[in-house]
Amino acid sequence: MSKRLAFPVLTQFVSSTAGRNMTTAAYVAVTVGVAMMTLLTVAPAYDAAAHWIDALLWVCLAYFVFEWLVRLRHMGRQGRFWFYAFSGAGLVDAIGALAVPVALLCGAEPKSAWLLAILWALKVVPGIPGLRQLRRVLVQESGPLISVLVIFLMVVFLASVAEYLLERDVQPQTFGSVPAALWWAVVTLTTTGYGDVVPITLFGRVVAALVMIAGLGVFGLWTGILATGFAAETRRDNFLKTWETVSKVPFFATLGPAAIADVTQMLRTIDLPPRTMIIRKDTSGDCMYFVAAGEVAVDLPGRKVKLGEGAFFGEMALLGNTKRAASVTTTKVSRLLVLDLVDFRLLMARHPDLAETIDAEAKRRELENQ
Amino acid sequence: MSKRLAFPVLTQFVSSTAGRNMTTAAYVAVTVGVAMMTLLTVAPAYDAAAHWIDALLWVCLAYFVFEWLVRLRHMGRQGRFWFYAFSGAGLVDAIGALAVPVALLCGAEPKSAWLLAILWALKVVPGIPGLRQLRRVLVQESGPLISVLVIFLMVVFLASVAEYLLERDVQPQTFGSVPAALWWAVVTLTTTGYGDVVPITLFGRVVAALVMIAGLGVFGLWTGILATGFAAETRRDNFLKTWETVSKVPFFATLGPAAIADVTQMLRTIDLPPRTMIIRKDTSGDCMYFVAAGEVAVDLPGRKVKLGEGAFFGEMALLGNTKRAASVTTTKVSRLLVLDLVDFRLLMARHPDLAETIDAEAKRRELENQ
Amino acid sequence: MSKRLAFPVLTQFVSSTAGRNMTTAAYVAVTVGVAMMTLLTVAPAYDAAAHWIDALLWVCLAYFVFEWLVRLRHMGRQGRFWFYAFSGAGLVDAIGALAVPVALLCGAEPKSAWLLAILWALKVVPGIPGLRQLRRVLVQESGPLISVLVIFLMVVFLASVAEYLLERDVQPQTFGSVPAALWWAVVTLTTTGYGDVVPITLFGRVVAALVMIAGLGVFGLWTGILATGFAAETRRDNFLKTWETVSKVPFFATLGPAAIADVTQMLRTIDLPPRTMIIRKDTSGDCMYFVAAGEVAVDLPGRKVKLGEGAFFGEMALLGNTKRAASVTTTKVSRLLVLDLVDFRLLMARHPDLAETIDAEAKRRELENQ
Amino acid sequence: MSKRLAFPVLTQFVSSTAGRNMTTAAYVAVTVGVAMMTLLTVAPAYDAAAHWIDALLWVCLAYFVFEWLVRLRHMGRQGRFWFYAFSGAGLVDAIGALAVPVALLCGAEPKSAWLLAILWALKVVPGIPGLRQLRRVLVQESGPLISVLVIFLMVVFLASVAEYLLERDVQPQTFGSVPAALWWAVVTLTTTGYGDVVPITLFGRVVAALVMIAGLGVFGLWTGILATGFAAETRRDNFLKTWETVSKVPFFATLGPAAIADVTQMLRTIDLPPRTMIIRKDTSGDCMYFVAAGEVAVDLPGRKVKLGEGAFFGEMALLGNTKRAASVTTTKVSRLLVLDLVDFRLLMARHPDLAETIDAEAKRRELENQ
C-alpha cells in the first residue's frame, strides 16, 4: 500500500529535479557510494560491517538506476528521449546505473565489480563551478599546450634512450630496457622523483640533471600558457558581464549590440571604498552609475534603499534633470560603472534611435513622479 | 612593594598596545615559546636544560594570559568586551591563553599539552603584510580554484581505483586497498613522489605516468588562475592608490568620486630615471605633477625641498600662473602622475564646481605669496 | 617489372610531398620506428618477434633514406640542392637516413646502433603547432631566463659545497665529494627529491630546507617570466591577426601600413553570445563588422549565408547606403570587430587616398547590384 | 728582467679592466678555480693529478689577489679607494682574494680551506643579465611574497607538530621530535618528497595529503605574485625604452619630460612582417616613424640605407614637406612607432616651444638638402 503511494511521490520528486544536473540527494548518494566502495577494499572494515557496506552500495545503485529511469521517462514525455539518452549527462547516468550490474551479470568477482562505483563520481562533473571557463581556456590555448606536450614527450624519449645506453650495463635490473628508462624519464621530468630508479654513473647523472632542469622549463611553459589564457578569458568574461549589466538597463535594452558595445566601452570603472558618498542630494549631476560589484544605499526621505549588483542609479541626470534627487553612498567596497553625460550625448549622436528611447523614458518617469 | 608597582606599569604597557595586533614583546614571546616547545621534544636538549625550557614556556604562557586579560579589561572599559571576545583576534588570544592550561588541567601528559603552544603562532597571522590582498584574490578566484580542486580529487580517485585493480595482486602490502592507493595517488599527483609506494606493473606505470602529467596540468591551472587573480587585484590597488594620491590634493578633495575618477583617468603615468629635470625654472608650465612613487627635489632659492610619495607640485600652472617658480628634479627612479592643462580645462567643463574651488585656491595662494 | 613501375610512382608520391615538412607516411614511419626500437630492447618481446621487429626497422630506415634521396633530387632540380642539404630540415633528414647505417658500418653492436632510430623523432619537430611562438617567447625573455639559470647554478654550487662540508664525515659514501653533493643539490633544487642522497645532520638539513625553498623561488621566477612573455606574445599575435583581417578587406588592402594600423586601432572588439541579432534589416546602419572569431549568418531572401573568421559585412553603411540590406545574427559565441562610421570618416580625413578607393568600390557595387 | 717587464704590462691590463665588473680572464679564472676545487674533493682524480690541481688553484688565487690589489691601487689613484673597498664589488673581490689564504693561515686543513674557492663564483653575480630587473620585481612584490613565506612557515610548523603527535609512537626513530617532523614537513610542502621520512598511520597520511595540496597552493601563489610583478616591470621597461627612443630624436631631445611623455603616448606601435613597404616614394606622407625593434631599409637613389633600433625616418612629413623622398621597407619582423601629423600638431598646440625647435630643424635640413 505504502509502496504504491511511495512510488509516485518518489517519481514526482526525481522528475522535478530532472532539469538540474545534480540534486542534493545525488550528491549524498555519490559520496556514500564512493566511500562504501573504498571501505569495501579495506579488509578489517569490511569484515566488521560487511552487511552495512553492501546494503548502502545497493541502495546507492538503486537510487541511480531509479533516477536514470525516471529521467528517461520524463524526457520521453517531452519527446527528448534519444536526445537525453545520448547526451553527456544521459550517458553518465546510464553508466552510473548499468556499469556495476552488468559487471556482476558478466560474473565478475563482486569486490571488483563494485569498484566501478567510482564511475558515479563522474555525475559530479557537470556541477563543477567555472568548469566551462577552464575548458574554454584549454581549447583556446590548445596549440601551445600541445606543442609543450610534444616537447615533453621528445625530451622523455631522448633522455630515456640516453640513460638506457649509459646505465644498462651498471644497473641491468632497472635500466635494462628502454621502457624501463622511459618510466624513469617520466618520473624525473615531472620532478616526481620516486627514487626507485636512479642513475648512478657520472654521465647518467649529468643527463638526469639536464632532464630535471628541462622539467622546470616544461612546468614554466605550461603555466605561462595557462596563465595567459586565463587572463584573456577573464577580460572576455568581464566585458560580457559589463555588457549584461548595461543591457539590463531598460532604455539600453532596445539598442543593437554595436550601441551597447559603445556604452560598454564608454563606461569608466571606478572602485570605491565603503562609506564613500557617490551622489550628494541637490547637487548637479552629470553622470549615471551602474553597480558592477558591491552595494550602494540610496537614502530616500524616510528610508534607505539598498542597490546591489546590476542595479543602476542617477540616470535622471542623462534625461536632462541634473538636480540629484537623493544621496547615494557605498556600503561595501564597490565597483561602479560611470557613464558621463558628455559621452552619453556623443553616444546619442552616433545612435539617433537612442535619443527617442530616452525621451520616451523621460516622459514616462515624469508621469510617475507626478 | 615592587610588585604592586610593576603591575600597573605592565598593565599600562600592554593596554597601550591593545589597539595593535602584535607588539614586539608578543613576537618575542611567540618565537621563544615555539622554539622551547620544539626543544621540549628533543630528548637530549630537554635532559640538558629541562628547567630553562619549562621556565621559558611558563613565562610565555603567563605573558599571553596576561595580555589577554588586560585586553579584555581594556575593551570592557570601552564597552567592546563581547565584540573583542568573539572577534578573530580575541579568539586567537583566548586560545593562546587557555589551550595549554586546559590541556594540563584535563590531565594530559605535560609534553603533549605543551605542543598546543604551536597555536601561539596563530597570533602572527593578523600581522602578515598583504594578507588581505591574498585573501581577496582567493575569494575572487574561488570558482575556478574549486573546480581545479574537484578535478584534482576526481583524478585522484579514478587513478587510485585503477592502480588498485592493476597492482593489488602484485603488491598486496602497498596497493592492498583503495585508501592505500589513494595515498599513492595524492603523493604522485602533487609530484611529491616519496617512493614508498610505487607501481611496478606495465599498465600500473602507464597510469602513473598519466597521473604525473595530469599533475603538471593541475599545477599549471592552479598557478594560471592565481596569477590572473593577482594581476587584476594589483591593477585595482593601483587605481585606488592613484585615487588616494589625487584626493589628497587640497582642491580635488572636495570633488565627488566621479570627478576624482575623471582626474584619475586623465592622469598620465610617467616613469623617470633619477636626476631628470622635470620642471625648468621660469619656463612656461602647462601641467601639474603628483609623485606616485620615488622622490623629487624642488630647489627653492637657498634650499632644496624633497617631495616624496603623495606630494604634488606645479599646480600653479593650472591656476593660470604659467611661469614655473622653481626647478624640480627627480632624485630616484620615480613614477609621476601628470595632469595637463588641456585635460584639466576639459575637466572643469565637466565639473563646474571644480572651477570655483580653484579660483578660491588661486586667490588664497596669491595672498600667501604676497 | 612492377619494380620498374613502382619506383617512379613512389618518387612521384614523395617528391609531391617534398614541400611539406611531414607526410602522414612519415608520421607513421616515425611512430613505428621508435616503437620497434623500444621493443628491440625488451628481451622477451624481442625473443618472441625478432624477425618482425628487425624487418619493420629496416623498412622505416629504407623509407627515410628514400625520402631523403628523393628530396635531394627534387631540390637539386630546383637548384636548391645545397640550400636544402644544409637547412635544418635537410640535416634532420640526413641524420635520420644515415645515423643508423653509419653506426652499423662502424661495427657498432646492432642493438646499440638501432637506438639511434630515436633521432627519427626529430623529424616531428617542425610539425609542432605553435612552436614558433614558443621559440619567440624564449628568445624575447632570454635575458631574465638566463639570469635565473645562473642563479640556479650558483645556488646549486654553494649548497653542494656547504653540504659536502657538513655531511662528508657522516655519510662519506654519498657526500664523499663535491660532484656527489652537486647531484644531491640538483635533485633537491628541482624538488625532484629521489631520496637516494639525503642529509642527516641538523645543519645539513637546514641548508637542504633553504635549498628547497629556493627551489620554489626558481620555479616561480621561471614561470613568472614565461607567463609575461606569453602574454606579450599573444597580444602581438592578436594585433597581427586583426591586421590581416583588416588588410583582407578589399578597399583597405591598398592602404599603407600606417592607415591599416589606424583602422586596426579604431576597431572595437565585441564578444557576442550566440543567436544575437547584430543587424536588423532595414534599420539604419552606421558601422561595418569584421568576424574575428566564431560565425555569423546573413539571412538573404530565400537563403542563409554563413560568414566565418576573416569575413566582413555591413560595409555598405560606410559607403553612404545606411539602410541595412539584410539581418545578420551570430550562430556561435563570436568576436566581432566593429568600425564606426564616425571613426571611418575620421580615418578618411587622415588618409585622403582611402576616400577615392571607397568611391570606386561604392560605384562597383552599385553596378553589381543593378 | 722579464718579470720587471711583465709586471707593469699585467698591471696595465688589469687596471684597464678595473671599470668593468668582469673580464674574460676573470670568467676563465672563476671557471677553472671552481672546477679544480671540485676535482680536489674527488679522491681518484686528485691522486692522479694532485700537482696540476693545486697549481691551477694557486694560479687562480694569485690572479684574484692581483686583480684586487691592482683595482685598489687604481681606485686609490682616483681617490675612490674606500668607496671601492666597501662597495659590493670591492667586498666580493676582497673575499675572493683573502678567504682561502686566511683559512690556510688559520691552520685549516688545506682540502677544506680550498672549498672557500666557491666564493669566487660570487664574482659572476654583477655580470648576470637582467639581474636588476629580477631584484626590482622581488623588491616591489616583497609584501605578498613575505606573506606567502610566513604562511609557508606556519603550515610547516602546524603540520609538523600534528605529524609528531600522530606518528611519534609508531615511528620514534623518524618522527621522534618536532625538529625531525619539521624536516619532513619542509620536504613535503616543497613537494620534494625524499621518502626518507614518510607517515604511515591513517591520520598521519591525511595530514600529509593536506600539506601536499597546500604545497601546490604555495607554488601557485608564489608564481602568481612573481608573474604579476614581471608583467608590471616589463610594461615599465617598455615605456622607458620608448621614452629613450623618442628622446634620441634631435628635435624632441630639448622638450621637457611632460612633452616627451605626451609624444610617447601618442605614438602608435605597429608590428610589421618583413618585406612590407612602409613608405612609397613620392606619395604624400602624414606621419613619421621610429624603429623600436627590427630593421628597415631606405632605398635612396643608388644605395640602400639600413636603419636599426632607435632610428627614425619620415620626419620631414611633420615639417610640412609631405612628399616622401624615398621608399622604406622592413627587412625583418619590425616594431615601428608611428607619430601622426594630426597628433603631432596637437602636440605643438600643447607645447609651443616644440614648434620653434622644428622650424629651426626644418630650415637646417633645407640648407643641407641644397
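To keep things simple, chains are lettered A, B, C and D as they appear, and every chain counts its residues starting from 1.
Quick note on the criterion: a contact is a pair of C-beta atoms (placed from the backbone, for glycine too) under 8 Å apart; a residue touches a chain by one contact, two chains touch by 3 or more.
Here the structure is a predicted model, which means the values were calculated and not measured.
Shared contact partners of chain C and chain D comprise A, B.
In this structure, the chain pairs B-C and A-C differ in their number of contacting C-beta pairs, and the larger number is found at A-C.
Relative to the C-alpha centre of chain B, the farthest chain centre belongs to C.
For the two copies, chain B and chain D, the CA superposition rotation is 90 degrees, given to the nearest 5. For this pair, chain A with chain C, the centres built from the Cα atoms lie 28 Å apart.
Our note on geometry: chain B versus chain C, Cα centroid distance of 39 Å, whole angstroms. Touching two or more other chains at once are residues 179, 191-195, 219, 223-225, 227-228, 231 of chain C. The part of chain C that touches chain B in the complex is made up of residues 191-195, 223-224, 227. Contact residues of chain B toward chain A in the complex are 143-144, 146-148, 150-151, 154, 157-158, 161, 164-165, 176-179, 182, 188, 191-195, 198, 202, 205, 208-209, 212-213, 215-217, 219-221, 223-225, 227-228, 231-232, 236, 239-240, 243, 256-258, 261-262, 264-265, 350-353. Of all residues in chain B, only 34, 37-38, 40-43, 112, 115, 118, 121-122, 124-125, 128-131, 133-134, 137, 149, 152, 179, 183, 186-187, 190-196, 218-219, 222-223, 225-231, 234, 268, 270-273, 276-280, 283-284, 286-287, 289, 338, 340-342 touch chain D in the complex they form.
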